[in-house]
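Alright, structures below, take your time with them.
In what comes next, subunit A is part of two complexes: it sits with subunit B in the first one and with subunit C in the second one.
Up next is the complex of A and B:
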């Protein structure tokens, strides 16, 4: 019997390689690798995990179409544990060790910002997910943001909320502001403070709260004591639940109540709060109203909802999930146009062209934000229980602002029976 | 009533109710940390694990969350016994409980948190009993049952625990093991067995605190993190091995937080509450009810 030596084995491997078709080589051996960190555990994991599901759906869709530039797409991702301290090392590993072709961002400003120095040092083209004003300080010319906020958060974020407030038959005169101590909420509060003063509103309460707050009853009671016409909150879950529960327990009413609460966009909060959400006017990014039925979004949501329960993520996908899908669509369309993996050429292409995505047509500004901001202000209407089926259809979360997407009329005050 | 007086009274009452939740969260730690000298930094994570189990069982069987928390307490007792057995075998017995023991409980905390994400997903979970949407009004004072019922349960459980610790031989042995474990051997009592029992009780109390937490707010796997600083501060302020001291400190913490939030804004609440802790320790280093060494 002839023994096979290591040299023979090597020849055999080379010979077998020669019979692999070029197409198969392209498909199997040389995928386009997209790397990123994502919060799969810790405080941001709920949105991080549902973003990952959206990315996987995009990957399956694009690979079913034959990949990008004839190459399949592979996702390389690591859990950042919602710890900003882990992010620089993860991106260093992705770029220097894993040698991914493209990098995209983790979810949210607090996780994106620490990745920026690594990304900028390596001159990578970078599409972020739900970062707010991250590039204001860095001014990196290869940064692009998948977020509706636009360039000028201070000048635009609160505009829609106040437009809605000033559509009341009796124009409001007083405003209260409560914001959690984090970057996005403070920027949101700054915008409403700035725009409210411009419109002549008297600010009767203006405070922050730490994210460790457990009981909101004393704060809500202090706000109610000032009898504001417009109540603006910029909060995060589970604080938003705590605020809404305290508002309900103390029977607080106001002509306009809501603002920039993160939480009511999420299915779990919608299920728990039920009718407490009625007439809340709140910031949002997406609602399944006829005015936002962009090409591909319904198909994406159908696939997402079919898998969401098994994956234990938000079962509706009405918040950042379509944007996570759109984030990858931007990468896909740019790569297809450029025809090769060239970071400089990709950045030039992203600055120059419009993108057709499941969240609408997008163009980027010089800073990499959306050229036209699209902060939505929606109102929850006609809710009688915590059943989530109604959130899949129009009419429950009607859009009041902007006017080109408006799908309903304002009901007032907050605190009135449904 | 004068609006300012109404705000003050409501701030005090809501602070007492919040203090009830803090007492529930800190009760188990007062035993583990205060009496057994075990820095169980995973206690709030175990409380959240209890909360998740309460949600699952309560939703499936349609039971009240506080009742479920009492029903699962024996299971958590066994978990506590298991954790202590491991901790004693690998750290305490070798005299390595200080730093390595702390690292062990950090590890337990991360395992519990990640385990909850793996088992239940990262989404918020909730189980609202009907009474959680009812608020009693006594004149100008609001008493939301969402806060009142868990606070009453916590006080009842801690009261029974204090009685048991003072009146039973085993309870006295737990108090004694905190002071001099070797002297306990002279009384023919195995201090390791007593510590195992006491640690089991402390983890069982985490289950009860989990039930209280579910009634107050929705929970997610990392919910315990916001309680870590507070529960340790409350145990220290109360006087370590003193349950009445822990309850007093918890109520004081709640009142200081809520009155500060009412009049000076919530961003000052933690600073003022922890400032009180420093003030107490400056004048009574042994804590409110602690005995001077």
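Up next is the complex of A and C:
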């Protein structure tokens, strides 16, 4: 029998050292670990998956620059399956078991809210993505929101839409409102109702519909029968498609039609709807117009679009994707300024400073929302088919509001040929 | 009578009951001690996830397993419990424990009402009626602004809750107690005259009625008990996640798991839903944090297909065959 000597043992140790896995080397480099849950399956997966791609691009960019504080960045993420019930357990796993250094949020209000109690108990600094008024209930002093809506959704959301409507040569007198029964749409409708009354508009139609609605023809007929000057919809992707198809089939026209429809921002909907979108005035967060050519956004979109088709996500990246990248830029810039992972110091820094991101310069309010709201209202112009190439260039989704980002003039009415 | 019936004599019932309650409390205490020793909150949250399914599956089993009436509306009863807790807190400021009691009462009444309304329905028609109940309830909640409507309701929990180490531990212990009580109730029903009557209904309702089994009364007891316990499973949900909206409360995964877990574990026995819930719940939780994809319902679906094809009496059926 061969005996293992101390020298043999030493050789074995050396030999085993040559086969250390890359993962273990990564551990040795002591990466900064950023953890979050994201909807990679289920109803919110389309936006969740494209946000994840944006985060990966940011991670590669920042690691190529040498990481943060000299440490590489590692993303630790789990699929929340668009099921709010999974979120508390995932965040406790991230913080208590995986021991991540920083946590960021899942996508959308319904997924962010269940994570809040866990985050608050552990006093983590938290940058969220597209949550609408989440912190109104929690009032957590370390919460920061990457969303254009600002603190006062009721007082500001519909302002731009009505500004556009009142820029018509003949000021509008009547308004119709139709909103799906969900958090964001109801807040949007509430804002337009409130601001419309303030401006003296007579509300001739004001209804909600359940998210399961599939046939919109009767509703659209009822709205058309009231002959409103301004038609406001607050809808979600499947409903937005149904509404726009019903409007097109019934040949409904109005001086201003659109509002807070979620769906026309997404490439797949733009391809499906084609010329039906012409002259639609709709809420948005980003458009590739010269007025929004913020530093870094073009480079990000070039990288994103190069990989989007292979990753089977939105091929344009004109909606929340730049905001997902900017969410991580906020974390990066704050960490760089603070110089260490200190949750309290990070929160103080985020409250105190401005952030230069691919979606512009951002400052946070006391409640953690954007200090200045930036709800865009855009108009789809000159669309003759479903080809997506034109959405990569200026002139298709023209910005009408706010004035400092305005890139075109209003065309009216909705329903006129391109 | 069906093969799943366990004859229990008065002489053996006492020691068996003692062994059951002693064992259940022992396992419960051991779980709490182990999780405290591990010392992180993830164990509590993962444990809560599994235990809520123990309650839900055991509740479903009382009507579906013992009486053979398949209830597709588990999510509806569970959501009724969850929203009762939300409404009670908003109206009176009362917290989780009163919320659970109120949820049991409201969901029990709902179960009783369902029982009355569907007395003449059997088989697939009863199942469709329960499914419709969930749809009706969801529409009601979506349009009820007092509990948040479509926007959902927030519940802000205290950051500390002495003498518990954390909110997660508190929620886990509450759900653990509820799970033990629910399994105990399901076991007591199984071994009682009620359970034997329900099994007779499952095997042949007309024959049972002909020999004097009070089918109407037993079905009402079963629907009430089933509804109340499902409501109990749902009451802590808004406190667990801090936010509740209709989509989350009426999630399809609750309805699917409530049926799949007893079927895989062995419907018609009190231990079957427990085994099914622990097995499937743990698998789902493990898949979420390892493979990290939508494999949850995929796993449930495949296991259901495999068990229905190869072991229609579930895991408990294997043991029965071997004996």
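Note that in this section the second predicted complex is superposed on the first by the 389 of 418 C-alpha atoms of A that agree within 3 Å, B and C clash if a C-alpha of one lies under 4 Å from a C-alpha of the other, contacts with A are read in each partner's own complex, and residues count from 1 in each chain.
What we mean here is this: a contact is a pair of C-beta atoms (placed from the backbone, for glycine too) under 8 Å apart; a residue touches a chain by one contact, two chains touch by 3 or more.
Predicted, not measured: the structure shown is a model, and the values here were computed from it.
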Put the two structures on top of each other at subunit A: do subunit B and subunit C fit, or clash?
clash
Can A:137 be said to touch subunit B (first), subunit C (second), both, or neither?
second
Does the superposition put A:225 against subunit B (first), subunit C (second), both, or neither?
first
With both complexes superposed on chain A, which partner does A:313 reach: first (subunit B), second (subunit C), both or neither?
first
Just checking: does A:215 make contact with subunit B only, subunit C only, both, or neither of them? Give me first, second, both or neither.
first
If you stack the two complexes on chain A, which partner ends up touching A:237: first (subunit B), second (subunit C), both, or neither?
first
Once the structures are superposed on A, label A:202 by its partner contacts, choosing first (subunit B), second (subunit C), both or neither.
neither
A:186 in the overlay: touching subunit B, subunit C, both, or neither? Say first, second, both or neither.
second
So, does A:250 touch the first partner subunit B, the second partner subunit C, both, or neither?
first
Scan A:85 for contacts with subunit B and subunit C and give back first, second, both or neither.
second
After fitting the two complexes on their shared chain A, where does subunit B collide with subunit C, if the options are 19-27, 55-63 or 91-99?
91-99
Check subunit A for residues that touch subunit B in one structure and subunit C in the other, and list them.
40-42, 181, 208, 210-211
Which part of subunit A faces subunit C closely enough to touch in the complex?
40-42, 77-79, 81, 83-90, 92-93, 96-97, 110, 113-114, 116-118, 120-121, 137-138, 180-183, 186-187, 208, 210-211
Mind listing the subunit C positions that touch subunit A in their complex?
40-42, 44-46, 48-49, 139, 142-143, 149-152, 154, 156-157, 159, 166-168, 237, 240-243, 245, 247-248, 251, 253, 285, 288-289, 292-294, 296
Subunit A contact footprint on subunit B (complex, rising order)
3, 7, 10-11, 14-15, 17-18, 21, 113-114, 117, 120-126, 128, 133, 135, 142, 144, 146-147, 216-223, 225-226, 229-230, 254, 257-259, 261-263, 265-267, 269-270
Can you name the residues of subunit A that touch subunit B in the complex?
40-43, 45-46, 48-49, 82, 181, 207-219, 221-222, 225, 237-238, 241-242, 245, 248-251, 266-269, 271-272, 311-314
